[in-house]
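Input: structures, listed below.
Here chain A shows up in two complexes: once beside chain B, once beside chain C.
Coming up: the complex of A and B.
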């Protein structure tokens, strides 16, 4: 992840493929992110919403999505989910955590616990939810609640894949914890062929609450 | 015969040290079921340009010291926003030139931390009770000490935090000249100027017993401060064991030549600057400068302290 604010170039390749078995006209999009220095950017959420002929609301999964805590950090920094998904917060640490959020999309707090939490949290409004721990101020993570099932999160190599896209025109939105402004663009997915989209993003520096211990100050001698 | 003036050992110092130890012991039962122990350790090298706390002249001596500290902490969450921690700290310090200042100590620490609200920007109240005892050290200076401190901490942005505190403490040594009590106030500003880089700005005030040392010489069997020029010393009541001087004093050989140690009542202003880069998530380096200026009716002195060290939590 880049440490300084530099323009980020997201290279989006639209490649339509036919599924070999069924002859489906569904397409797929490969997402490739790079910063101005050419380095990959992880944890960028890219979502596609079809325009003109909207699809039915996505069905959330039956099982809750886990966001664990280990070594006094959230195990997953960014978690994209569809609206209506339940999330569970297992604590695999040796200390208790007090997970909370004051974001508009979801306000909640889970009282101090250790081990598997019995409580699941329903994310029923779209938007970005910022998670924290009230005991360990440096812990931070994000849940991105989406109204479309067509999304991906870029990995450490800066790539992601959105497949099963019916042909049509889509609204492409990119979100990243460090991005400034918004990135929103229309793209067309054809039954065959491919297209490449280059989308610049700009990031602010990654500044978090310091975790390293504070040393004592000098006093009277 | 060397006349020695000693006052009754500080009752306040005894009471504070005992209260601190009792509070820590009382807290042991509920904390015994707590999370931990969490271990931490550190080492520091330090230079003081006025170890003797002398006012001026040949009595001012500088020295290097090195110290190693270790601690174990147990945590217990009392409610959503209140954390109780009990710790045991140990330390060893060695002096390059004055080995009678070498010391090994240990003591308990109890802290109550309450946060008003959620998130890193909620204000925090801290109450600390600590005690410390010399396990190995100079017989005269070895002491038991205790302190109670209350502090308010506030984070203003991801990279800016301030803390102010007030403390009451005391120490009880075998010799009254090294005993005493104090009240103090302190403040710190922590500014994370860049990722992993912190600047610390420190300030403090302390009022209470201090120890200042003067080179001594013997005149007709009586040890007196070796004053080459009366103007070297602020006030004349420190001329030998003058009956006019009310506080305890004692001839010491800590600094290899005879010095007289005096216990005075004074106030100390301190201010300093430090740089603390983080090495990973669990280790901090610190390079720091602090200037101490002490004022009393009979002595005025300064001490510049430069230190470099590392702290790690495991």
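Coming up: the complex of A and C.
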């Protein structure tokens, strides 16, 4: 099956309405991802890395981030985290799971378990980690490990907000599981600026396996 | 040029029947041969196309089957762990792949040890490749390294196939450049994330070719075509034949060609390998079947026909001859019977116990011979009733009324004293006596080529010079008259011996121009003469009664004048004749 190439359309709108709301000179960026058909794209991770004046490494949250399993699916399809974040994989199903990753950014496995896994996994290298379950081929999830705290994941409406951005020039990177090629561009955040970044994405068809029909859950999330 | 004619009916019948039969059977034979040939060619054509399809199906089925097995392996967690270890552990990967190879080649669903079937060819080697096609591990040997470029091509094709990233192709590998079918399938972690590829190679070798030969009776040759020319790789043929085939394999085509293989016309289909060729050059699949082998059963039939057809012609010839005999035999005997009839034998009947046309012909023939006998009888009676000359003339000219003028010498002879004698005799004796006398007299007439015209009571009228003209008719009449007188003397001598009284005769002779011809009614005719001259002759005969003349024979002057011979005569002057103004000069004839 040939890939469907989706053209990219960009639109930048400058605005300053929300500058005062931030209580400082920090700006914000609204992102809106669309596919070639103009439909909003969810689960796209948009991150910004400040250029010229390196920021301090982001501080990971104290509590581990959960990626649960329910109805024999990962509850979150894409989970962006900052480097050094710990993740737990609570299993809320009635069957066991065997979560693994063979990705370079993080190789691990949590052998067959059920309920809350006692094991937390530390993601200490940047990159995309593909999660799978060894006994359920259709289960797939991604952890995007970032070196910046300026990121967002688009929702079902294809929008996301990155706020608290010190004015300056940023490197914008987008990642999506179905994305063909890369999206990387520079944007400038004005003091107390509030811009909307429309990001067109070129996606290939979803090739996830169809799960067995009697598995009691409904499709992908 | 003379037209040929049959001399015998049997030859004609034989030639026609045998000729017709030979024609029909010859045509039939040729038709059978042609049809057999056409059918054989059609059958081979079908089988060649079927064989090509079967080959493609077998290769693809086998590869599909292997793909399923390899996919199961790729999904195996332990294998995946092993394959993706960093750094990779080649000896372990090699042993694990070997272990899987033996698992995959287990003859699932088929009897163990059954050769030649789809599972006959064993996977030769397996490789583990990175997402970019780098070799991560293999089952050993030099072939995996050689196969890398081909697998890389396959990986790029497979990656392009969205939902089912797998690809197959063919490659020639190793120093002997053997042909392999290659397959790559992805290792997912999880799907659709491809983290590695598994490749395997299935030899397309003699075993494949042989299984096709066993099932389809087709010879199989794989021909490699490249910059170095064409060469046969694997073949069920011997190497010389395979070389011939390779030389002719100019490329894959849809049709079927006939090529000469050691003098044996062999139908050949050159087809492209049903897999894309990943290495240099082309690979052509040549499928063949010998026409002679295909025609062998038909040849058996044709040979049988070659014996049967002449045999049936021979039987038909014998039957034709027998049939001809049933016709020609009666016809021949009829012909010989015709000779019998021609010889005048009408009594012998032609016997043919048949009720068909020939039987009817025999009956008709017999009726004809009856008719001929009857006609002959009539002729005989005619001869007796009329003089033979008249009869002959009647037979020749028919009994037509008519006449002609002719010089005829007429002779009348009358019996003297017969009336008196008959008074003393019984009628039968009278008739016998008369007939005896007439017999002598007619005999004399005939001896002198005269014609007895008629009997008038005891008188006899004879003609000389009619109906057949005679130059010396007068002499004949005169000599006949003299002999009659002598014959009467002999007869009288006999009578004297019998105690009968002697008879006397009077003869009158005249020569005159008279009308001769058939006289009477249309139903009943007499050949005779009429004219004054006849009366004169009768009158002269009557005058012999005159004792003054003292002669039994009176002759007119015209007769003596017509006669050439010299006779002793006496001139008796003239005598008047009734109904005639001029008297007639008469002479007594005394001797010759």
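Some points to look at:
FYI, the second predicted complex is superposed on the first by the 180 of 221 C-alpha atoms of A that agree within 3 Å, B and C clash if a C-alpha of one lies under 4 Å from a C-alpha of the other, contacts with A are read in each partner's own complex, and residues count from 1 in each chain.
To be clear about the criterion, a contact is a pair of C-beta atoms (placed from the backbone, for glycine too) under 8 Å apart; a residue touches a chain by one contact, two chains touch by 3 or more.
It should be emphasised that the depicted structure is a prediction, and the values quoted were computed from it without experimental measurement.
After overlaying the two complexes on the shared chain, residue contacts for A:95 are found with chain B alone; chain C is out of touch.
With both structures placed on the common chain, the touch criterion links A:122 to neither chain B nor chain C.
When both complexes are overlaid on chain A, the residue A:112 reaches chain B alone and has no touch with chain C.
Comparing chain B with chain C, the partner in contact with more residues of chain A is B. In the overlay built on the shared chain, the residue A:25 is in contact with neither chain B nor chain C. Touch criterion met: A:204 reaches chain C, while chain B stays clear of it.
In the three-chain superposition model, chain A touches both chain B and chain C at residues 3, 98, 100, 102, 109, 132, 134, 137-138, 205, 207-209.
Within the complex formed with chain C, the residues of chain A that make contact are 1-3, 98, 100-104, 107, 109, 130, 132-134, 137-140, 204-205, 207-209. On the chain C side of its complex with chain A, the touching residues are 75, 77, 80-81, 84, 86, 160-163, 188-193, 195. Taken in their complex, chain B has these residues touching chain A: 35, 40, 42, 48, 53, 75, 77, 80-81, 83, 115, 118-120, 122, 155, 158-159, 182, 184, 186, 188, 190, 192, 195-196, 198, 200, 202, 204, 206, 210, 268, 270, 272, 274, 276, 278-284, 286, 288, 290, 292, 303, 305, 307, 309, 311-313. In the complex of the two chains, the chain A residues touching chain B come out as 3, 94-96, 98, 100, 102, 109, 111-112, 114, 132, 134-135, 137-138, 205-221.
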